[in-house]
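Scrolling down, you'll hit the structures one after another.
Below, chain A partners chain B and then partners chain C, in two separate complexes.
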Partner chain A sequence: MSTETLLERINDYAHRADPYPLYAELREHGVARQNDGSFLVGTYHEVAALLHDPRISSDVRHRTDPDEVRARSDGLPPSFIAVDDPEHDRLRRLAMRPFGPPHSPGRIDALHGALVGIAGELIDGFRGRDRIDLVDDFAYPLPVTVICRLLGVPREDMPALRAWTDTVIASLDRSPGEETWERQQAGTAARTEMAEYLGELADRRRADPADDMISALVHDAGPEGPLARWELMTTLTLLMIAGHETTVNLITNGMLTLLRQPDALERLRREPELMPSAVEELLRYEPPVQMLPQRTPLTDIEVGGVTVPRGAPLYLMLASANRDPLRFEDPDRFDPARRDNEHFGFGSGVHSCFGAPLARLEAQVALAALLRRLEGPRLVADPPPYRHSPILRGPRHLLIDCTTKDDGAPGES
Partner chain B sequence: MQIVVDLNRCQGYAQCVFLAPRVFELHGEEALRYAPAPPDDQAERVRRAAAACPVQAILVGDRAGAESGKGAAADDR
Partner chain C sequence: MTGELTQGRIVIVGASLAGLRAAETLRAEGFGGELTLVGDEPHPPYDRPPLSKQVLLGRVAAADAGLPARRPVDAHWKLGVRASGVDPVTKEVLLADGGRLPYDRLLIATGTRARPWPNPEEARLDGVLTVRTMEDAAGLAERLDAGPRRVLVIGAGFTGSEIASACRERGLAVTVAERGPAPLVGALGGTLGAFAARLQRAHGVHLRCGVTVTSLLGSGGRLTGAEFSDGTRIEADVAVVALGAVRNTEWLADSGLAAGPRGLACDAGCRAFTMYGIVTDDVFVAGDVARFPHPLFEYQMLSLEHWGNAVEQAEVAAHNMVSPGPRRRPHLAVPAFWSSQFGLNIKSVGVPTFSDQVTIAQGSVEEGRLVVVYGYRGRVTAAVSVNRAKWLEHYRRLIETAAPFPPAPGAADRPEAPRVVPSDVPDPKVLSHGPTVALTGHLPDRRLAVVRPAG
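Moving on to the complex of A and B:
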């Protein structure tokens, strides 16, 4: 339908398997106002500038539309992904203390052996089968096991966490429809329940610490003091959801891309040392987070010759910027050895992905193990069925016919 | 193995510190220090760190280090 705006078409599930022609259209048309008053930006240099522009807020409470503000003002305050500096900086730094440098530089590196072990065990489970669902059998349980171990969440509580996560993710979806309000209400409720669960878990670790990030967060406060309880609740909820949800898509999109590109797959089997650069290319070519839909200008700004008014919803289309021919040579080509690859797979600027190093390592270990051990892998359906979200985009299932060989020597290092 | 980091490009994203913590180190929140000739057993980690740098500031000279065999000597940490 020609009267549909680009945003409506991008949100339309019919385009989920291949949104890239729509992004090409977006780059051609430049910054454009949509019917609902939002603005889409999809060119690399404009997205880069906005990601580093302090006049762009991540806090939707700065939006002019009172419905937007109201939808977010129920329940708990926003987590650090959805607030601005200096508050964002303080919360993020406190959360970083038990996770990475400068205070805990070795935490992720120390997980490498465990990642190799978890991936190996999951693949062991494929033996004797000639068809697997990469999502349910591997790409979902891997990051979930890792984030539960890292944070210290009991594995048996994961079904409840999965249900809450699905509801929260669905509520991010702004595609038009009469259920938008209900979806948001359900999302708010799920997020609150999840935060209460994680707050109670933190209380237990406060009394009885273990060797995990939650215990470190409640016991090893830095000079700025500990997070307040509600801050701990929103931060843990964010880490729990973001800590696994997107990695599922990175691993699945990765395997899908390699199965579609047998030359690249064979090359990675021959040259496994290319895997780190191949994962960067995946983050450019099929980013799990396709867009940042939560940005809002704090004042009227000019982007690509268009004025975006204060308070308007501003969508930064990362997946489109990643395919901008003005920035990347031959952008629609998947090149596992690509140089000059400053992609936006993890965003950029102060809000750049907190868990990026973990996601990178998980994807590298996961894909390396799959390539080493799956023999003759073939896609059962192409395109596979996709999950609903246009924001966090990836297959719901990825059926692969293959046989599985034993692992001679898992690549410990 | 030899590495050079363009510290004018470095913006302190610290991906390299996560991925090769024995080679790269943060001083304070953002200042990077690194071992310019890390030992060979760090090669895989260094490759991961270089690929992960969001501003592509890390140059790795595999050959130079491997051939001259002076990998571990200059690790000043």
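Moving on to the complex of A and C:
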């Protein structure tokens, strides 16, 4: 028996390629208090209950530990992913106006053609090569191009946004290390710079609107009035970061899973209409967001027979809940046709993923294009090297040997 | 699985939401025999909720409200044919056209119809309408298109309120007459009733509560106005009678089944009772026409007019029709309902009328976003959200586990301890103080009701 706590072991990079046995252990233990006073919950029904419980805050300023509170109190105020209702509700609603139903029901569908085009161009770039890095050559540029196009970020600014995003993501990593503090400082600085950039971009769109979401946000405010400038800055920063990092991992985890399961891959080639359900299964089986580390009870609450005190860090282990045998039949099996698949890949409750319709579409289009055009794809290394983060988990690189077909599919250009 | 249950002849009477979903479930669960659906409306199954919402706003044509099929059902469809009776001895459904349909198992899903205006002569005036069917909604939409000077809505339940909302959204003058003290009060009690009254007035509805319409006035066969119980009169070109629903059970009068104005009674497994209270094993019921015991509500017989209940009950009934005893499931779903009106999304879980107290657990009336939680004898029995639907899942759990009322304080958007007030709904039936029942298990085939001793 290891002396490390479960959380330490989950955070330990050595377990990044396969954390699932640790999650099984977690489910055995029930709600697990760690030495640092935090609590891990990894069983489906308990996670579900907590995701819907109005007494669970997403705002870490409610933590008892003053360091945590301080760490989040400098720099910009938090964005809506990290605040509670009614503030969260108002900000999310205003952000939704130009993004989805009921006010903008067509925005995501309208991206379909562009998405197919971007995926096609990226794959065209593989021609003449017999080895690709799926991450750098495809899974990363695809969602970044899409979110930039959606928001209206000029192409030439994309590298700067990439650098800021990487720094912010690195700072989310709470696993202990020498540079935790430095990482956090750098993250705060990068987030602020990014927010200032996006605020200035919004100012430009205010003066000179274009057909993009930022213009819509500043011009079509609705009855509740527009977002304040700082709210606009934090919201755009959130969309940029959330729209960046997660979809990369869904596409990459998707290809990795399919290359490990040739039967499933062949089946999806034969029955492309299964793709939407296969993407749901990926979100269950290899969720890009493995856990939600930001929750805090506002009052003592009881979960699975354990009292979690007010102010304690509460980790909701989505990836573990997704494999709970009390909820899913044969949970460790990847079944692209699985029904009854209410997974937590996008969370659940009021904070459930804002970008889910976009992320689903991106993954479906991306994986379909890859399956259609890559011939004889083979993994070069299994497991591949992973990114550091145990939270936003996915391969750093995914080398694949293959040849690339021209796209013969009709009407897909 | 026993072969004979997946074979034979199944007849479904009522070809609407519950009938269709049951047919689909029967096939999904392996029923390979002969399946017949009888419906007195000439249309394939369609969806009713849009009829008082999008259809009246002209966003969807009434004829386009069809229900999407989930899977092929491979059935004989007898549409435009009314069933006039059941012969339980020969096991036949009698049809109004003189035909007889033999069955091995029968599902009754004949739903409800709109309660008509009590004075038949006045009800025949041109301009007096009800809204239950596709034709009704198309007719009303046409009248609203014509720009009537004033619409009178009689009854401020959900349907009446939604119709009033559509009228206001179209800029039409509308008077709502409600016998009770406020709109929705019969379904949601005093707190939300008062909220709804303010809401309607803020949207320019001429709301008249505590009065009844005593007569509809006409001239030359056309509606011209109405007179109220306090002697006042208004002019109106259209009157929508929204006085609730009548269960379609008359055709069962000679069937020997426990059918009456409150519905056809069945057990938790959707099997119909005979008039002697003996449970049948070949006649099943689902949807708005059913009356069924619910353990969470002290086994009272509930009759619900909820879309979600029709679907879930149809699925359970169909499952039980093709499953042997030990594999049968109870219909334990927590009732749920939604409505959209005056720009708000109202959602309910549990049975709000089964309550003695309420509290605002989240949000506030002032914000126009709130969750009201209902309790009965110290446990949570229902919750209703206004523009806060995503939280209801939490309260559904509290209802299922018979959690104490009021719920523990501490919600982020309602930090102070909530104030508890009387629910002001018609008292639940007088009940003996019994043990508490909660639901356990999350998968449909593992759900159980557990009884906790009183105390």
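Operating definition for what follows: the second predicted complex is superposed on the first by the 408 of 413 C-alpha atoms of A that agree within 3 Å, B and C clash if a C-alpha of one lies under 4 Å from a C-alpha of the other, contacts with A are read in each partner's own complex, and residues count from 1 in each chain.
One rule holds in what follows: contacts are C-beta pairs under 8 Å (C-beta built on N, C-alpha and C of every residue); 3 or more make two chains touch, one makes a residue touch a chain.
Bear in mind the structure is a predicted one, so any value in this text is a computation, not a measurement.
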* Asked: Is A:E342 in contact with chain B, with chain C, with both, or with neither (first, second, both, neither)?
  -> first
* **Which superposed partner A:T299 touches (first chain B, second chain C, both, neither)** => second
* Would you sort A:P276 into first (chain B), second (chain C), both or neither based on which partner it touches? => first
* Asked: Which partner does A:M291 reach: the first (chain B), the second (chain C), both, or neither?
  -> neither
* Classify the contacts of A:G100 with the two partner chains as first (chain B alone), second (chain C alone), both, or neither. => first
* Contacts of A:A49 with chain B and chain C, given as first, second, both or neither -> second
* Asked: In the superposed arrangement, does A:D84 touch chain B (first), chain C (second), both or neither?
  -> second
* Which chain A residues come up in both lists, the one for chain B and the one for chain C? -> 348, 352
* **Touching residues on chain C, where the partner in the complex is chain A** => 361-363, 367, 369, 371, 388, 390-391, 393-394, 397, 408-415, 442-443
* Asked: How about chain A: which of its residues touch chain C in the complex?
  -> 45, 48-49, 52-55, 57, 59, 84-86, 89, 298-299, 301, 326-327, 348-350, 352
* What residues on chain B touch chain A, complex-wise? -> 13-15, 17-21, 25-29, 44-45, 47-48, 50-52, 54-56
* Asked: Which chain A residues qualify as touching chain B in the complex?
  -> 93, 100-102, 105-106, 108-109, 273, 276-277, 279-280, 340-342, 346, 348, 352, 356-358, 360-361, 364, 413
